[in-house]
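Okay, here's the structure, questions in a sec.
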Amino acid sequence: MTLLAASKVSLSFAGVRALVNIDLQIEEGELLGIIGPNGSGKSTLFNVLSGIYRVDQGTIVFRGERIERFGIAQIVRRGIARTFQNKRLFGTMSVLENVEVAAMKGVQGSALGDVFGLNSSLQARKKAGAIAERCLVLTGLADSTGLLARDLPYGAQNRLEIARALALEPTLLLLDEPAAGLNPSERAELQELIRRVHAEGLTIALVEHDVRMVTGLCARAIVLDHGEKIADGASAMVVRNPRVQAAYFGEVESEEEAHAA
Amino acid sequence: QDIKLGVVAGMSGPGTSYGIGIRQGAEMAVREINAAGGIKGRKISLVVVDDASNPAQSVTAMQRLVNDQVDLVVGGWGSSQVLANMEVAERAGLPYIVVGATNPKITTEKNKWTFRVIFTDSVQAEQIADAAVRRLGMKRIAVIHDANDYGVGNRDIFVASLKKIGLDPVAVVPYQSADKDFTAQLSRIREANPDGLAIFGTIPAAPAIMNQARDLGIKARFIGTGGLANENLMTLAPKASEGTVLTTYFHEDVDPQARAWADRYVKEFSGGSQPPRPVLAAWEYRAVKFIAVPCIESSGTDKEKLRQCIGRWKGTLFSVPGDAYFDKTGQLVQQSVLVEVGKGAFQAFKGK
Amino acid sequence: MAALHQRWWFWAATLAALLALPALAPQYVVHIANFILIYTLPVVGLGFLTGFTGRVSLAQGALFGVGAYTTALLTTKLGWAPVATLVPSVLMTIVLAVSLGGAAVRLAGLYFVMATIGIQQIVWLVLMNWIELTNGPQGVRSIPAVGLGEYSLETPQQFYFLALVAAGISYFLAKRVIGSRLGLFLRALSDDQLAASSVAVEVGRAKVTALALSAAWAGAGGFLYAHYVRFIHPDMFGLEPSVLFLVMSMFGGYRSIEGMIVATALLESATEYLRPFGEFRMIAYGMILLLGMMFFPMGILTLVRRRAGAPAAGKD
Amino acid sequence: MFDQLFIGGLATGCVYAVVGLGFTLVYRTLRMVNFAQGHVFMAGAFLGLVIAERVHLPALPLLFVVGAVAFALGMVLERLVFRRLYHNHEVFIVGSIGLGIVLMNGVRVFFPEPVPFPKVFGSEVVQIGAARFQEGYLWVVLSTLVLVVLLHAMFTYTRTGRALRAVAADAEIAATVGVDVKRAIALTFGLSFAVAAIAGVLIGPLYFVSFDMGDMVGLKAFSAAVFGGINSIPGTILGGLVIGVLENLAGGYISSAYKDLVAFVILLVMLIWRPTGLLGRETPVKV
Amino acid sequence: MPPEKALSRPVLSTSDLNVHYGKVHAVQGVSLEVRAGEVVALLGANGAGKSSIIRSLVGLTPASGGRILLRDRRIDGLSSEVRSALGMAYVPEGRRVFGDLTVRDNLLMGAYLVKDRAKIEQQLEEVFGLFPGLRERHRQIAATLSGGEQQMLAIGRALVREPEVLILDEPSLGLAPVMIKVIYETLKRIRERGMTLLLAEQSAHIALKIADRAYVLETGRVTYESDAASLRSDPALRESYLGA
């Protein structure tokens, strides 16, 4: 079943055509790879799907509902969560609190009610705490819960981004370059993590420059270039496509070398 | 044991120069009385508190006097401050003689412990309205006033008095105390083409208005009340203020006693950082020396007795023509003084 | 390793001292204590907004005034009993804050500051010039004291316990607010609004709630103030108190309710203990602010905390 | 009447604008608001007064000298005081409010009363159409123009200006490309003090100088700077002029009691319509 | 590695360098040296302390102990701008471009210490030649660039001044394969011109392609130091120190 369908989505900024007539379908339970050269529009696509930018044209349907005019928080509530390529953590809050904020999404009732003890959302709060715990363990941050987010090393910030998004218990998770700044063994761990949450039934779209990771994880991949979708298909096939080779790996690069990179 | 005399006034903030005058007046009176042996052998000690010309702090200041167990308070500058701090005096049952606040609301019949020696805005505004029409022959009078209690109080009575005489002001415009530029207001006044411009406000707005009015080509003569009775008027508007007619609280040329006192005052205080400002100093001095002290002498420091004594007081004060006495609202009834600015100084008004 | 204020005996001693104060201290000191207690309300309220949403407001003095004027006018003009006007005062303040400032909270940083300056000026001008309603520059006089049955709270000593209870309630509620989900949301959005919305925080709603809460605290404070001073005047609610409240809410330390309260006490009583400085009093006052920030940038409470052995928050 | 109100408003607006420039300069490099700015303007006026009374300088040299002295004072104060306040915005706000109080009350010790300022820009009254105003107004307007053009050019086209913008964006990284960040910030304070002091001298002869003159002007100037777009020097000027003219027209035609109210309501409404000020540009989100 | 280079004197060196963040001891007595014309890689896992070393080299984080020498001059204690003037350029971790400035202004800031206008123009041309994407966007506000474009800009900003020592913290971060290639080609070329490079990288195999020598860090200490060739050629070694 199609979870998300974008059709003819276009967006430009002062002359830069960042997205051009993009058609995209994400099936339920799929793990979709998105690759493309720098500045090809991958992050912009995520920004559009998560409500940060409004499309110039086109429609986005998520679980049967048009969402392209929704606000950011509305879209998260519908079940799309994301991470940011340029980390956007709550710097002055602890690692635990960063995740807790997100886990609170499921808590019902007005936040003001908590203050005056009107609704006994204590149970729900506890549940949120448990969710946060689980996400931190999952991402290997359980030991640093007390640190301020801004003091984490770069790689750990990355994982915190993922933990925070997972705590939203989304249906669709958008990962924007989660492996950036990780070393090979950490990449392997990350890959394992993604595979695990995917196995639990989460639908994922993954933007990554680590092609090996994309081909390793994703059955299907799309390629963007200059805002256009230039390829869509089985990931192993897509990376061999000559047009992709030229745009993404550089003419002379062989696939082996690309994998080595 | 000493008799404790409390003084509250703004010795910082916008009322600084007035407040310091009040303090100096009190110091002068107390020094003289103590030098002459005090009251029945008891010396007077002064407790001076600054309220920073701020109503909220004024409450605290008065509370402090209550706490220090002063026997009475003579002072108070600024109507908002006095309206705020008199509540404390009333609650504590402390006799309070106000010298520097002119809002009529201070002395209504509700005040039991609060008296006032300086005359109210209503008296002044009425007299200047009368003088403007009858003695200066003005026909087209415009009004510009501060939007604070002082300005609004004056305006209301002035306009009402004019109406009684049968005249309507040609323009009435307010400004805010902190304004620096009055072209907006003065442009409207210029359109009305007045022959007299009543200014109800204080320094430095009043001289600024005068200067700017002349720049704009307004030729009307200025009139006003006690807010203008301040030497800075002439320093700040040396040319523009010439010819202004106003009511004042004190003038040294009313009688020889006043002149003698003023000379003494200037000699004593001109060395300080403050330029001598005899107006409120004179009131503080007279209230202490001629009203408070005789009452303590006759009734002692029992508060209730002291209050009754002050209420019954009747007598003469220098610079006040004729007898003065407190009416049943606690207001000192007296005649006011009219002056004119000439050659950079206040002169007793000699017009018809 | 617990900071001083986390130890039970510290609290017990504080409470005992507070309860004994009116019996032991001179009336004048009680009077100042009353002002301090009253002011902690608007200051802590402002703390929600500035400390937790990162929005600096210069309108708190005006909101404080709205609370004071509401109760003053209801009791003097309509003859309501003071206790009956607490809720209307708080509601009125909230309504005004939300209707005037609701649109402004979405403004970023400085634009919000400027909007609050505007709100401050507007409220003050209306209090000053809408004479039929507010008595304008004459102020409102003879506001009745709060009565509890036969007993009415006239003297500073009598009023003290009311103020203490109010400040206490406000303190504990404030702690609950910042410890609650709302507090977490507010801190998150002050760090990064966009990230906050993308974890489902309704940023607009959270900010308006913070504004409403801060107004509620101000309104309650204004209520107390009116019935204690019993004369109010527009100038008591101008820019000056707004700046004062802002300073008090920041001087004690970043996001610390205790810090705000200590700062309120320290600065509100400053005009008194600085009296020996005479005409240099205000200079000394400014110096306290300036030097305090220059040498204790994490707030004056760090003085206490360091002594208690907790590490000072360190960042290069 | 319109002419009079309009021209009066322009001149006041220019003063708001020039004082507002002080806010803009500091904000542009430090991302912080110096709440003492209005009092610096006041102190500048007194500095001008003292200099003008001691040495009888013609107008232009007077402006230069006052600007230069204030510039030096700004650098010194940056070193002694402001440098310790960059910690975070709260610290800076409280600290600068404290400094403002010290400045204001310090001046008050020496000048407790309003003082007239020598008429260095002449005392003639000029008539244009139905409007009459002092010669000094012309100086205000002209000096404002000159200052704006100079500062704008400096920020936009010079190497120093670019460095100041880079410091604002990321001071650490600016240092790693060779910018002396401390000096850049000191320079900023020097400039903002100079500008404020010049504004003080310009306005002195039009009104009086008094220790509390910075309060209201500071507030309006801040509003002008924000309203015009605190990142933009031309915006600050535009903001100042709009506020000056608006309040004067409102005072003349609507109600002088509510003239500030009218001005502020219009500002609020416009802010809601354009949340980043007239010429302001907030860096667009990109994640 | 040509032998004469091995003998050349160190341009940049540290001895017993320590960095503390509060109680965290992030760098613990690290001594390393970079010789003229050499490319040295700093390798190590997340949080090993690479960035901390680099930040203390360029003067952004004060060293809590030890010394740093540039040629024979002691530079710890000097401010960043002075170190920059002495010939160091830095590509920070996580891009950190001047967000409010245009692409062109960012590059001009890189050339802040260069006085010769013609030279600057020429250098700009060179950077634009390297990254044509930036040329197209030279008037765009840097904050709105894509992640990879910002990374190119950060590198371009350090290149415009032709520094003597170039220090890069994860230059390949967020770059597409084609761009990584371009950048490493460029670094090779630069190095041929005699520039000295210090490079922190997560992906050892990329860095080892051009590095002459490498230091491997683990929780703030150097655990292994060797010429790059042996790490390159010995997968077992790589496995044990770098987990890959």
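Descriptive notes on the structure:
We call the chains A, B, C, D and E, going by the order they appear; numbering starts again at 1 in every chain.
Here is the rule we go by: contacts are C-beta pairs under 8 Å (C-beta built on N, C-alpha and C of every residue); 3 or more make two chains touch, one makes a residue touch a chain.
Small disclaimer: the values here were computed from a predicted structure and weren't measured.
Chains making contact with subunit B as well as with subunit D: C.
Both subunit C and subunit E are touched by A, D. Look at the CA centroids: the one farthest from the centroid of subunit E belongs to B.
The pair with more inter-chain C-beta contacts, choosing from C-D and B-C, is C-D.
Averaged Cα coordinates give subunit D a centre that lies 43 Å from the centre of subunit E. Here the CA centre of subunit B is 76 Å from the CA centre of subunit E. The geometric centre of subunit A is 47 Å away from that of subunit D, both derived from CA atoms. For subunit C, the set of residues that touch two or more other chains comprises 128-129, 194, 279, 282. Listed for subunit E are residues 21, 144-145, each touching two or more other chains. In subunit D, the residues touching two or more other chains are 105, 108-109, 215, 257, 260, 285, 287. Across the interface of their complex, subunit C is touched by residues 11-12, 49-50, 52, 54-57, 59-60, 63-64, 66-68, 80, 83-84, 87, 91, 103, 105, 110, 147-153, 174 of subunit B. Listing the residues of subunit C that touch subunit D in their complex gives 50, 56, 103-104, 106-108, 110-111, 113-115, 117-119, 121-122, 125-126, 128-129, 194, 239, 243, 246-247, 250-251, 254, 279-280, 282-283, 285-295, 297-298. By the touch criterion given at the top, residues 173, 176-177, 180-182, 184-185, 187-188, 191-192, 194-203, 206, 209, 213 of subunit C touch subunit A in their complex.
Note for the complex: subunit C touches subunit B at residues 26-29, 31-32, 35, 128-129, 131, 136-139, 141-142, 154-156, 229-231, 233, 235-236, 240-241, 271-272, 275, 279, 281-282.
Contacts from subunit A toward subunit C in the complex involve residues 50, 52, 71-73, 76-77, 81-82, 84, 88-93, 97-98, 100-102, 104-105, 107, 111-112, 114-117, 121, 125, 164, 167-168.
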